[in-house]
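All chains are identified by letter, namely A, B, C and D, in their written order; residue positions are counted from 1 within each chain.
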Amino acid sequence: MKIRTTKYIIKDGIINAYRNKLMSLASIIIVTASLLVFGIFLLISVNIKYKIDDVMQKQLQIEVYCDSKLDETQVDSLEVQIQKNQYVSDVRKVTKEEALERCKKLLEENGKILEGYDQSFLPESFIIKIKDPEHIKSVVEDFKKLQGVDDVGFLEDNVVELSSISYWTRIISILILIILLSVSIFIISNTIKLTVFARRREINIMKYIGATDLFIRLPFIVEGIIIGFIGAVISFVITYYFYTTIEGQVSKGIVGENFNFIDINSIVLYVIGSYFIIGTMVGGIGSGISIRKYLHV
Amino acid sequence: MVKFENVTKLYENGTLALSGVNLKINKGDFAFFIGPSGSGKSTLIKLILREEETTEGDVIVNGFNVSTMRRKDIPHLRRSIGVVFQDFRLLPGKTVYENVAFAMQIVEAMPKEIRRRVPMILGLVGLSKKASAYPNQLSGGEQQRVALARALVNNPALLVADEPTGNLDPETSWGIIKLLNDINQMGTTIIVATHEKSIVDAMKKRVIALSKGEIIRDQEKGLYENEDKNHEIHN
Amino acid sequence: MVKFENVTKLYENGTLALSGVNLKINKGDFAFFIGPSGSGKSTLIKLILREEETTEGDVIVNGFNVSTMRRKDIPHLRRSIGVVFQDFRLLPGKTVYENVAFAMQIVEAMPKEIRRRVPMILGLVGLSKKASAYPNQLSGGEQQRVALARALVNNPALLVADEPTGNLDPETSWGIIKLLNDINQMGTTIIVATHEKSIVDAMKKRVIALSKGEIIRDQEKGLYENEDKNHEIHN
Amino acid sequence: MKIRTTKYIIKDGIINAYRNKLMSLASIIIVTASLLVFGIFLLISVNIKYKIDDVMQKQLQIEVYCDSKLDETQVDSLEVQIQKNQYVSDVRKVTKEEALERCKKLLEENGKILEGYDQSFLPESFIIKIKDPEHIKSVVEDFKKLQGVDDVGFLEDNVVELSSISYWTRIISILILIILLSVSIFIISNTIKLTVFARRREINIMKYIGATDLFIRLPFIVEGIIIGFIGAVISFVITYYFYTTIEGQVSKGIVGENFNFIDINSIVLYVIGSYFIIGTMVGGIGSGISIRKYLHV
């Protein structure tokens, strides 16, 4: 195929997309809509994951109780060992004094019964934040095996429950993203099929007067890519606008809750990437494939 | 140039459109296909273009055996033939100019050549003023002439025209037929399916008459109606 | 029955298709519109059907002032006219039978009446065998006759046919023209746009000749070509 | 319009949907796909809400500490008062003995320091389960005002956090459902627009030979309804099949977690209802509207 033909083909694809305004518009709307669904869910799932992890992070504390017979250097070396664990994000030491205070608090106003007791019978402990909810159990097991550790407890009973939510959220998110991806591809490619169908006669005619399959197909592919591309641009603009608006409102505290969204700039590439890949690829390839059956004349 | 060997065409719905057709049209010939409505003229043309496939028999066109050729060679066959379809088949989304230019673009002609040749051909069929109109903005006869212009633009070795004057007044028709005759003089083989008795009679060219899918007459310098029984079959 | 009063038609793209046309066709008339390709015959017919609107002037058909009528009355106008379009306009998704029956269904005819009349009309135009074929399975002439059958099936008071024999051989053409003549004898007003000199000359009916959008001749018992300058304008 | 015409119109709509198999198929796929997206999210959001509420329920316990000076009848009357509250689902009394045990436990092995103490200095309390996470704060306030109540505490610190998740999940769910609903409607109606566009010439022809707008439009509406209906049926079957399969797998414990799905039969009506309403309504109305511009000839 010569360069002048390539030039013609690209020009023809653009002209056709423009002359079939009505049809292009309907398909662009469909492409935009289905990309938006995918994109919205992508953003939501990223945010839900972020939020859940955030909540969990706050709760994912375990407490390692030292043997009360340990001396200070032993306790310090234990702290060092704990900090070495790759899943530990923060370690706070609870001194014997603090432990006593806590006890008093737990006993509420009856705390006074502890007055006069020496705090030395209470063990020192470490309140430890864990990076990743998934690993909490193994971390607990590891710490239990450390020498000088008397016991390891969760600060909250619901950690297991919560980490199951986190796990399921992730699984379901991925599943839904796959489904939505397929659905978008399905919808876009069938839309392209309809636009090609509307012009089956045109394709036939070109074939009848001797155009090669490639020559007929390429402008349609260009047209499909244009439709996909415009759909991607529009859906990206909409997504970006709404996301930043909502994010702005939330961070201004209008909803009255301390609810942080992920900054769009940190995920913008995923969104742009998926939109343009889906839009243009499916538009172009869908066009090329749909046209095939009308070429057999 | 075009050869039918014992060709039968049975359409899918059971219509027998052609049966046992033998026919040979040589390079430089000018032949009319005539016959009543539904006698198989367009089917003959569709077989030449491989728009339809034969049920039996072979069709050889420009050296291609149309019945057995590979799918990817079809465009080459069609490009070697200029065709005026009975239903015109103009591209609705393209202007008159673009429709004619398209036939040159598919053979990858030079843009300069396209810009030179298309207006010339449009002038020849009397449509210079309509270059930027779309097909649905044309009268029936104008559309027919665009179809003719498109068929002519690549200077094909074989020109096949199905009813090329059906929507034209006698004067314009004559202009077109003279044009075809001139082209024929320059060596192009021409096949015209037509109902116009007056044209066939005046031209005195080869006449191939069909009836119910069979050739009932094939006569050099023939008339629309058969006045000379001696010429009944010639091959 | 049909009256054009100083009608001008300028298409959106600037083509002046008709200018200052005055014309009156009475009930029971049989009139030919003739003229070269692009002279405005089809445009006249499109105005009668309100397929296009006049730029200036009035068109009155069957008592409707076509230029000023309300949109919702258009179907009534059209149903009172049987039309053969130059490009046939058959419904591609319906069979021959269904295409003709459709014209009766839109006037809410009785199913029994439809089952009786459609086969009869198909017989009249010689297409009984093609009743269950789809338009793209028909030859050009067959499609044209389906269009004619559809125009006739409701027994319209006015029949307008744009080039109804353009794809027909002389014999079939004559059959159709005789059919139109018979219908005319029974009181139907008939308007035919045509290029067929032989038919116009043989029929000796009213001839309205157009050229470049103007009526240049309107002659009772006229011929295709003007041999009698005295008849030049009649109204 | 006469009855025979109505009959004809319905028949014609069905025949057309059948004869334009290819086009109908593409549109049915699109309708199905977009309904599925809506339906999947509907089911997920119902389940997420269910799951979160479930987790919250377990955590939504507050503890009402009685004044330690109350006698038994006073405590009993307090229990009655608490039970009367409409948001309370369960009340468990913590006796002084239990309170002491708890204290000992809290002090871990050092619980022995409490030995010999009389439990009477400890207050009785009620551990109360709340029905609806949203109302927990107001319930706490109410109970604080009750006579004989010393203090009210949450059993967990993260209740507020969790109830914010629940709140946001609900808001976002509804928002997404609305977006998805609009998107589905958008996609389906534009698809119908494309199918009508592919047959614009047919519509023109009908008009040219004198058919009324209604007469042309009705078979298209019937066709749109058929496409929408079939799309709804298919998407319902798919949804039902996958949902019950996944539910089955999960309840067999294959995923190894105690994760309950809502029984589909309790929501089947919503799903069916929304599918059929969206599918047939949008199909029919979309058809009727899209056709309009081709009737103006």
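Note that a contact is a pair of C-beta atoms (placed from the backbone, for glycine too) under 8 Å apart; a residue touches a chain by one contact, two chains touch by 3 or more.
Everything numeric here is computed off the predicted structure, so don't read it as measured data.
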item	value
Leading chain pair when contacts are tallied as C-beta pairs	A-D
Most remote chain, CA-based centroid, reference being chain A	C
Whole-Å gap separating chain C and chain D, where each centre is the average of the chain's CA atoms	63
Between chain B and chain D, centroid-to-centroid distance (C-alpha), Å	67
Chain A and chain D: spacing of chain centres that average the CA atoms, whole Å	22
Numbers and ranges of chain B residues touching at least 2 other chains	none
Contacts with 2+ other chains: residues of chain D	none
Chain-level touch network, classified as line, ring, star, complete or other	ring
Chain pairs that touch, as defined at the top of this document	A-B, A-D, B-C, C-D
Residue ranges of chain D touching chain C (in the complex, touch as defined)	1-2, 4-5, 8, 16, 19-20, 199, 202, 205-213, 215, 296-297
Chain C residues within the chain B interface of the complex	11, 13, 15, 34-38, 41-42, 86-87, 133, 137-142, 144-145, 162-163, 166-173, 195, 197-198, 224
Parts of chain C lying in touch with chain D, wherever the complex brings them together	49, 51, 71-72, 75-79, 81, 83, 85, 89-93, 102-103, 105-108, 110-111, 150
Residue numbers on chain D that touch chain A, as the complex places them	22-23, 26-27, 29-30, 33-34, 36-37, 40-41, 44, 51-52, 55, 58-59, 65, 103, 106-108, 110, 113-114, 117, 121-122, 151, 156, 158, 161-162, 164-165, 167-168, 172, 176, 179-180, 183, 186-187, 190-191, 193-195, 197-198, 257, 259
